[in-house]
Amino acid sequence: MQAVMTADEMMAFLEEVFPQVKSDFAIEEMDGTKTVMRLLTADRHLRPGGTVSGPSMFALADVSAYVATMARIGKQALAVTTGCSMDFMRKPEAGRDLIAVATLLKLGRTLSVTDILIYSEGKDDPVARASMTYSIPPAPKP
Amino acid sequence: MQAVMTADEMMAFLEEVFPQVKSDFAIEEMDGTKTVMRLLTADRHLRPGGTVSGPSMFALADVSAYVATMARIGKQALAVTTGCSMDFMRKPEAGRDLIAVATLLKLGRTLSVTDILIYSEGKDDPVARASMTYSIPPAPKP
Amino acid sequence: MQAVMTADEMMAFLEEVFPQVKSDFAIEEMDGTKTVMRLLTADRHLRPGGTVSGPSMFALADVSAYVATMARIGKQALAVTTGCSMDFMRKPEAGRDLIAVATLLKLGRTLSVTDILIYSEGKDDPVARASMTYSIPPAPKP
Amino acid sequence: MQAVMTADEMMAFLEEVFPQVKSDFAIEEMDGTKTVMRLLTADRHLRPGGTVSGPSMFALADVSAYVATMARIGKQALAVTTGCSMDFMRKPEAGRDLIAVATLLKLGRTLSVTDILIYSEGKDDPVARASMTYSIPPAPKP
C-alpha cells in the first residue's frame, strides 16, 4: 500500500510538530504498511554503561507508530497515544543506532494499532517490542 | 531452528497437563521459532452474535506461547504466564476457526517472550495481537 | 458517584447478553466508580493443581471492566474490549473464589479504562492485576 | 512496611546511577509499599501546546517503579525494566508538575511488579496509569 506523502514531507511535518525530532530520528523506509525509523543515538539517550535508555526506546516506538499512522491518513497533529505495551528483551549494544520496524496492524475510524520491533543496527535479535495505540481525531465535517 | 520434540509429542504433553486442550486446540506447525495453532471453534467459545469470545482468544494466545516456549526448552509443566498484553482489533468471523501465529522473540534463562497474531482462518487482517511472557522454572541442579 | 442501575438490573442485563454469566460471576458491589465481582470458582475454571486458569482470570477482569463501564453509561451491549494488559503475580489458592476489585479510571466519549486487582478471597496480596480498555459505541443521534 | 533506606539515601543512589535524575525528579514519599515521586516539569519534557510528552511520563513511571523496588531490596543498580504497559487517559495540564503514586504489588525473587498512577499536581483524575515489571538480579552467593 502506498503512503499518502513522501518521507521528506513526513519529516518536515514531524519537525514542525515535534521540534526535537530532527536531531533524534530519521525515516529509513515508509510505505502505507511498514515504516522503518532510526534513533540517531547520542549521549542524551544513554544510561550508564552506554546502553540506550528505556524512555529513548519508548520515544522511538512512539514516533514510529505516529509515522506509520500518518503515512496512511495524512497529517493529523492531534492524533495522540492512548495506550502502549513494551517488552524489553535484550540490552541494546553500545555505540549503535537503534532501528525500529513498525507494522500498522489496524487503521480504524478512531484508533490505530501498530506493532514495533526495535533492533541494535546490524543485529538479528530484537532488543524490544512495543504495541502502540493512537487515537485519531474525527475527520472534520465537510 | 529445530524444535526439541515433534508436534505429536507436544500435543500428548499438553493433553496430560491441560486435559481440555485436545478438544480445543490443534498444532498446525511448530519449529523452534514459529508456532501455528488452531482454535477448533465450538459453541462454548462464542459470544452472542457468533463471534469468538475474548477469553477464548486469550486462551489461544496463551497456549500458543506455551507451545512456542516448550518447543525450545522441552517439557516444563511448571512454566507459568507472568504477563500479557492484547489488542482486539477486529471482530472474528462467525463460523471460522481462529489461527494463531506465534513467534518466540526471546528465550532467556528465566523468561520467554512470544508475539502472537490471531486470524480468522483464510483472512488477511489479524483479529487480535498478543504478547505473552512466561516464567521458566530454573533448571534442576545436576 | 452513583450507578445508573442496580446490581440486580445489571445482572439481568449480563445474563441476557452473556448467558454463561449467571453460573460464573456475581456482583458483590457496584457504584459508579468501584465494582467488586466474584468468580464462583468451579472445576471448569481450574488448571491441574487446583489453581484458577489464566483464561478464567481474564474473563473475570473483562466482565468486571464491562460492569464498571455499564454502571456509568447504562446498557450498551455493543461495547467491546479493545485492549488489555495483565500481570499474573501469585498462584490463586485452590478452593477459594476469586474477587475482582475494579476501578473506572477514565470514562471518555469513545473509550473507558478500568484497573482491576484480583484476589483469592480472604487474602491480602493480589494474585493478578489487569487494565482493560472498552470501546463505547457512539450514542445514537437524537 | 518500612523502606530499607531513607529518601535522601535513595536520591543519592539514583544520582550516582542516573546522573540526569537530580534535575528531573524528586521523591515526595517513600516507604516499603507506596512511593510518591514528582516530575519537575521543564521545557524539555513538553510537547507543543505545553503538555508533558509521553516519553517523560514513561520516564516518571519507570523511575517510580525502580524506587519502589529499591525501597524494599536495597541498592541494585542492575535491576532492569523488562515490561511495561501504559494507558494515557487525559492531557496533563500545562505548567504543573506531574505526581506519580507507585504501589509495589509484588516483590518476588526475580521480578517486581509496580502499579503507577500519574496526576497533574492538585488534580483528582489521573492523566496516565502504568504497570512496570523489573527483573531483579539474583543475590550474590554468600
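A, B, C and D are the chain letters, set down in written order, and residue numbers restart from 1 in every chain.
Heads up, the rule we're going with is that a contact is a pair of C-beta atoms (placed from the backbone, for glycine too) under 8 Å apart; a residue touches a chain by one contact, two chains touch by 3 or more.
Keep in mind that what you see is a predicted model, and the values were worked out from it rather than measured.
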Identify, among C-D, A-C or B-C, the interface equivalent of A-B, where equivalent means over half of the contact pairs coincide by residue number.
C-D
Please tell me whether A-D or B-D has the greater number of C-beta pairs in contact.
A-D
Using mean CA coordinates as chain centres, what's the gap between chain C and chain D in Å?
28
Whole-Å separation of chain centres (CA-atom averages), chain B against chain D
33
Per the centroid of Cα atoms for each chain, what is the distance between chain A and chain D, given in Å?
24
Hey, what residues on chain C touch two or more of the other chains?
82-83, 85, 87, 89, 133
For the chain A and chain C complex, residues of the former touching the latter
82-83, 85, 110-111, 133, 135
Where on chain B is chain A touching in the complex?
85, 87, 89-90, 105-106, 108, 113, 115, 117, 125-126, 129, 131, 133
Residue ranges of chain B in contact with chain C within the complex
17-19, 47-48, 53-56, 58-59, 62, 80-89, 91
